[in-house]
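Take a look at the structure set out below.
Letters A, B, C and D name the chains as they come in the text, with residue numbers starting at 1 for each one.
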Amino acid sequence: MNNRFINWFRFASPQSFYPLAGKMIPWFWGLTAIFGVVGLWISFFVAPTDAVQGEGYRIIFIHVPASWMSMFIYLVMAAWAGLGLALNTRLSGMMAQALAPTGALMAFISLWTGAFWGKPMWGTWWVWDARLTSELILFFLYIGFIALQAAIDDARRADKAGAILALVGVVNVPIIYFSVKWWNTLHQGASVSVMKSPSMAQTMLWGMLIMALCFWMYSIAVALMRVRAIILERETHTEWVKELPEVKQ
Amino acid sequence: MSALLAIVRRDLLIAMRRKSEVLTALFFFIIVVSLFPLGIGPEPALLKKIAPGILWVAALLSTMLSLNRLFATDHADGTLEQLVLSPTPLGLLVAGKIMAHWLTSGLPLVLLAPVLGLQFDLEPSALGVLVGALLLGTPLLSLIGSIGAALTLGVRGGGVLLSLLVLPLYIPALIFGAGAVEAHISGLGASGHLSLLAALLALAAFFAPWATTAALRISLE
Amino acid sequence: MNWNSPAEFFAMGGYALYVWGSFIVCAAIMVMEPMLAKKRQRDILRTLRRERIAEELDRQ
Amino acid sequence: MADFFAARGAGRPDRIPPNSGTMQPSMSASVLSVSDLACVRGERRLFSGLGFDLAPGEWLHVQGENGSGKTTLLRALVGLSHPAEGEIRWRGEPIRQLGEEYRQELLYLGHHGAVKEELTPLENLRLAAALDGRTLDDRETLAALHRFGLKGREELPVRFLSAGQKRRVLLARLVTRNAPLWVLDEPFTALDVKAVDMLSALISEHVAQGGLAILTSHQAMPMPGGKAIVL
């Protein structure tokens, strides 16, 4: 039983993950740049003007990837958290902690660009649209997670408490989404949805996907950077940290 | 099972001896609900329309007030440690504590709501739906809230943090609870909302004690 | 190519405020976040180096 | 004393099963065995490599300065916290796996009051027993309270009692709860001379009947015998 996990745990130990993450970061930044350049080029120069929304629709190329990422990161965060609770690996909690701020910022970008898109299209900065509302609630959930971890001094306890909150959140996110959606249709608010744009051309889809890849790579890169800092903060008094070349110099 | 009844009895007895805390949350509910007409204006049609939402939001806030002490007093005087070390499964004791919390904070709201609903000119049938929705919804609030209360136990700024964690999770209860009354008033029928609320309650009754138990063990470590 | 002149590109068909308001804020966040992460790393490394020096001084 | 025994002894099962075959032969007598225990608080290692065995009829005095980890050790022993390393076994089984079975045989009194201020001593004792799945009759409860000199205060909410009296309400649980293993954190604090005598007599009696006790204290123990470890 234990033997099967040994290899796994070797990678899951902060000590071996720290240099590995260091090696991976430049690659992810490189990919971020490549996808970013291609994605932006498609979004501004290849994708045609939208028949209904004019040039204003180009916000979609960051709005949708940011929304996707904000939801996806929450799932990944909860998965790490659950893994940490189940297997008691130290790295899992650190990963969850490193992902949370990125997810919160993605939710913020999604809300911000949503408002800047809503103003010209619906004539108002904020509509109680199902998507916007659930994104706002997702943002609150991220803030709650970050605040809970920040309020607990003991790192291990913070990890575990955060893990439970993330898992509770993950059960609740779909419930919240559907309840808000239902509430929205009942009240017949402005439910202009992103994908309903009639002329959703193939190029737009490609632009969105490539921008999503860019956001993906960015999130991984920045989370790895943060997890490296967290590892050092938590493992301050261990021998291996003292023997690191960047500490010894 | 006798342990479950014992903890319910214990918490009710303590609440009886410390009536002021229960009453504070209750008066908070009454005052918040009564403030809205003063802020919005006395127009009956408008008040009737917003009444379900106001009553529900006030119920959420009033529950938040009492959630703080769900585990905090037991934690402070060391009896929580004794509960964890009791041979009775902790999940059962937690379920009992949640039940007692509902009896002292949720049930009074349910009983009081129709009286306050009269202030907003709700019809008797709408009041009935309101009571039904609160009857299904307030235990849900106690269940979800207990997770937050356990997570923030002994944490700096626990009270504010608790509302930050729990209020977003209360949104479905708010939507379906207030929605039930609105749907009834507009003639759509409240059964859909109420059955969804019941489904959520069943889900929470299954998962929340478990999550709370895990959170309590972590808090005590 | 959609644009005949840089001016037209920056005007975004009259949606300049909204499009650039979104993209610039997004870019600003994505520049700031890695910088903060980098700073966090630098801060902890500086602390670690100081502790190391302090230990060496103790030993002498 | 005699009626106390009558009250306490009635219906009491054998506290420690007669040396049964379930015990590992190498540690024939000891029921609680701790090996290579290490506890960490924050980043500080409080102690490591700690080990001891305790057999029925033995008691252990955990000594140490403030902050040396006495409370942490006791919390690990009762299963409230996880030790960083090492194992704690009860009747040969790790306590993690035993769970409720272990807690059934355990009574832990921390340095908190662990009594509800709003309830009377009588209610406190009876409800605490009910939470453990036992029903106490009046006779048993009153006998326990009287033994600790709380006669006449049974119906008074605990918040009207003095610190020492509150402590005595807690200690009365030692009598009402049938547990072979007592884990007591600073049991002698806030007690007057008379209560100290009563408590030490009670512990001696418990141990003489084949019970186990682990206590912390930074003062000398007012009772003879017992093992000691220093953290």
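Quick note on the criterion: a contact is a pair of C-beta atoms (placed from the backbone, for glycine too) under 8 Å apart; a residue touches a chain by one contact, two chains touch by 3 or more.
Model, not experiment: these values are computed from the prediction.
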Taking each chain's centre as the average of its Cα atoms, which is closest to the average over all protein Cα atoms shown? B
Considering only mean CA positions as chain centres, point out the chain farthest from subunit B. C
CA centroid of subunit B to CA centroid of subunit C, Å: 43
Take the average of all CA coordinates in subunit B, do the same for subunit D, and state the distance between these two points in whole angstrom. 37
Distance from the CA centroid of subunit A to that of subunit C, rounded to the nearest Å? 17
Taking the mean of the C-alpha atoms as each chain's centre, how many Å separate subunit C from subunit D? 57
Subunit D residues counted as touching two or more neighbouring chains: none
Which positions in subunit A touch two or more other chains at once? 236
Under the definition above, what is the set of subunit A residues touching subunit C in their complex? 44-45, 47-49, 54-56, 58-59, 62-63, 66, 101-102, 105, 108-109, 112-113, 116-117, 119-120, 218, 221-222, 225-226, 228-229, 232-233, 236, 241-242, 244, 246-249
For the subunit A and subunit B complex, residues of the former touching the latter: 85, 137, 140-141, 143-144, 147-148, 151-152, 157, 160-161, 164-165, 167-169, 171-172, 175-176, 179-180, 182-183, 186
Under the touch definition given earlier, write down the residues of subunit C that touch subunit A in their complex. 1-3, 9, 12-15, 17-19, 21-23, 25-26, 29-30, 33-34, 37-38, 40-41, 43-45, 47-49, 51-52
Given the complex with subunit B, which residues does subunit D contribute to the contact? 78-82, 100, 103-104, 106, 108, 110-119, 123, 127-128, 130-133, 135, 157
Contact residues on subunit B for subunit D in the complex? 2-3, 5-7, 9-10, 13-14, 17-18, 77-79, 81-89, 93, 220-221
